[in-house]
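The chains carry the letters A, B, C, D, E and F, assigned in the order they are written, with residues numbered from 1 in each.
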Amino acid sequence: MVDVSGKPSTAREAVARGHIAFTPDALRQVRGGGLKKGDPFETARLAGIMAVKHTAALIPLCHPLPISHADVRITPASDGYDIEARVRTTASTGVEMEALTAVSVAALTVYDMVKAIDKGMVIGEIRLIEKTGGKSGPWKRSR
Amino acid sequence: MVDVSGKPSTAREAVARGHIAFTPDALRQVRGGGLKKGDPFETARLAGIMAVKHTAALIPLCHPLPISHADVRITPASDGYDIEARVRTTASTGVEMEALTAVSVAALTVYDMVKAIDKGMVIGEIRLIEKTGGKSGPWKRSR
Amino acid sequence: MVDVSGKPSTAREAVARGHIAFTPDALRQVRGGGLKKGDPFETARLAGIMAVKHTAALIPLCHPLPISHADVRITPASDGYDIEARVRTTASTGVEMEALTAVSVAALTVYDMVKAIDKGMVIGEIRLIEKTGGKSGPWKRSR
Amino acid sequence: MVDVSGKPSTAREAVARGHIAFTPDALRQVRGGGLKKGDPFETARLAGIMAVKHTAALIPLCHPLPISHADVRITPASDGYDIEARVRTTASTGVEMEALTAVSVAALTVYDMVKAIDKGMVIGEIRLIEKTGGKSGPWKRSR
Amino acid sequence: MVDVSGKPSTAREAVARGHIAFTPDALRQVRGGGLKKGDPFETARLAGIMAVKHTAALIPLCHPLPISHADVRITPASDGYDIEARVRTTASTGVEMEALTAVSVAALTVYDMVKAIDKGMVIGEIRLIEKTGGKSGPWKRSR
Amino acid sequence: MVDVSGKPSTAREAVARGHIAFTPDALRQVRGGGLKKGDPFETARLAGIMAVKHTAALIPLCHPLPISHADVRITPASDGYDIEARVRTTASTGVEMEALTAVSVAALTVYDMVKAIDKGMVIGEIRLIEKTGGKSGPWKRSR
């Protein structure tokens, strides 16, 4: 989505995913639309993309990296929503913390937008799916 | 821990919890000490407390609140660590987003400190336990 | 939109407006939809609301205020879009800088979202419409 | 003004301009000196330069860029002041948002410094004058 | 300088001071004017005032306070410059960290503005002079 | 400590030092342990490392740099503690402001952690020890 530069050969990428579980009643209300605060998923998507820029301010030993791409997708799941973030950098370092932070903040924003109708939501399964780049090389979650 | 003012009668409080699951091998290495980056749990505890101050910068529709107390505790669990945040405000509004953000950022910081030995950690069960204050009144997770 | 507390009698409010002028061709493309970066006006609306929180970081002699409400509306005009921001505080001080900053940042965000198809947009008429509160008392733009 | 590196051949530059209109009475008072808050134009110049660093925090889909030069000039005009910002980067991307943000924040700061004597000021004509670099190549405002 | 509200009876205040020592040659050049980066002391004064707003972002266990006044004065001393910061809050808590941070950042900014002609400057004697308010009550440096 | 990339030949480095003087009584209490707020030196070390990332937000004419390493060491001295910061960048510019800011913020954080038992601490001798890189070339403090 944010494609600042187009250096495909040196780009490092990380993909992270997470989940937010609703109660059935909250799911019905949210899917029926009409939340007072506006579309929770468009707001959460933007908050997740912006969170990439906040990663170094949140994680003490992270330093800011030149980000060339950041995207967040939120898709319906049976009991709530799945969140996926994909982040790329032109630096020779991994961006897994940026992707995990994007997922976490997108999930927190969904919670904030929906909490007037359901405070029991549970955020979980925040995990790295795969990464390339960095000193430790590529990594992919098995199964 | 951070007890800025001492107005007990008007204080609003929120408690949130979360979990980070390690692989057995990573758990053994972390519990044996010797991580190169320093004590991950003291760093994560501080990052969680500081995250309370970043909540309004991360969540689009949150505004900054006067925080009178913020604490984060990280305790060993069978397959990883449990994280609990407790936040109080003197404002007449809820601080559940601050507590949930503190838990999330503490978990992300544990991940960052340990990721050199294990990238498969999973952050989960981030949820509100109880809150007082705000327009919606007190709330407590059942069971 | 963001109604943190409900103290009507002490609330101070400021309303500011501005405008962004497009070329006719850009207007046609934007109104026809299909911008690659997503809905520019929902993103700009959120950026304007969030800018209220950044005001003290941008304007050297502004200090952070407790904001109880912030809203931004973007409506079509003949040659572009009108932007209006409404901000309320519970502090005994004016919030005109917050409202003017919200309008400015919403306009800059529209520019950013549309600049791939038109770099000639002009942002203008950023002005205070009315305010209450603060040492200088109420103020209203004549006509 | 801030010449961090000296890579002339790869530098990308953007120039933006804007205007702030005063009432004749306010213009007389400001030009006569003696504002209580200090020199509004030196403060506004600095605020504009610093705003370049805040651009990515304000505009949701902007990412931070390595800035090699940022300057803001404020010059008297018949009914107020003209503001010009010039920003350079060593990255292969445009910096028009940084230049437009610098102009906007410098104008808002002039407003803040002068608002005790005039709340009717109008900020306008914020526009890109020219740019080089970025995927879209050079651009220059006609006439 | 920044007098946001006028509640004299509840105001808490802190005063801090510090010093920056120059080499005689650097002192002669700076006092003779003509630094390329502009007036170092006006820039440093503003940076010190703005640093009050950054205190909670810098000091892990500080939380943001409602600041009602912040001022920084830089005055010539025999071998350099003295810096004094005065900060007031309407909260029932001390603002000594805000005053000490203002002095530190003003001194660092003087260093930054002058370092092209002298890298040997030494910042020192950063100390609290007096404070009122907070749980620990008033405090005044003896002699 | 934070070794993001491993480009030894182009790395620029700066080393700064400072000092915080305690009263003998405070020194005895701190060295005896048992401060309520936790380990002041681990917190201050982290605050110093994080301050590197805040440098450009604090110093008006500094722009953010790509930091490849940042470390802070706090060691006991006869009347207090010595603080040393070491910062490296991959950019072709000096990082002396980042190192001096890290020392200053680490010292302020020690003050904040210990101020409940001693408000008379004095921060001093903040100075550059040596640097490489930047337009002005290498520099080393004599004696």
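List of remarks:
We adopt the following convention: a contact is a pair of C-beta atoms (placed from the backbone, for glycine too) under 8 Å apart; a residue touches a chain by one contact, two chains touch by 3 or more.
These figures come from a predicted structure and were not determined experimentally.
Considering every other chain in turn, the ones in contact with both subunit D and subunit F prove to be A, E. At the interface between subunit B and subunit E, two copies of one sequence, fewer than half of the residue numbers in use are shared by both copies.
Compared on C-beta pairs in contact, C-D and A-D come out with C-D as the pair having more.
Interface equivalence for B-C, evaluated over A-C, C-E or C-D, points to C-E, where over half of the contact pairs coincide by residue number.
For the pair subunit A and subunit F, the CA-based superposition corresponds to a rotation of 120 degrees in steps of 5.
We define each chain's centre as the mean of its Cα atoms; on that basis subunit E and subunit F are separated by 18 Å. Between the Cα centres of subunit A and subunit E there is a gap of 40 Å. Centre-to-centre spacing of subunit B and subunit F amounts to 27 Å, using the average Cα coordinate of each chain.
Among the residues of subunit E, those touching two or more other chains are numbered 1, 37, 43, 46, 50, 57, 60-61, 64, 66.
In summary, the structure contains touching chain pairs A-B, A-C, A-D, A-F, B-C, B-E, B-F, C-D, C-E, D-E, D-F, E-F.
Residues 56-57, 60-61, 63-66, 91-93, 135 of subunit E touch subunit B in their complex. Residues of subunit B touching subunit F in their complex: 1, 37-39, 42-43, 46.
Remark: subunit D residues 18, 37, 43, 46-47, 50-51, 54, 57-62, 96-97, 100-101, 104-105, 107-109, 111-113, 115-116, 119-128, 131, 136, 139, 141 touch subunit C in the complex. Residues of subunit B touching subunit E in their complex: 1-2, 4-6, 46, 49-50, 52-53, 64, 66-68, 70.
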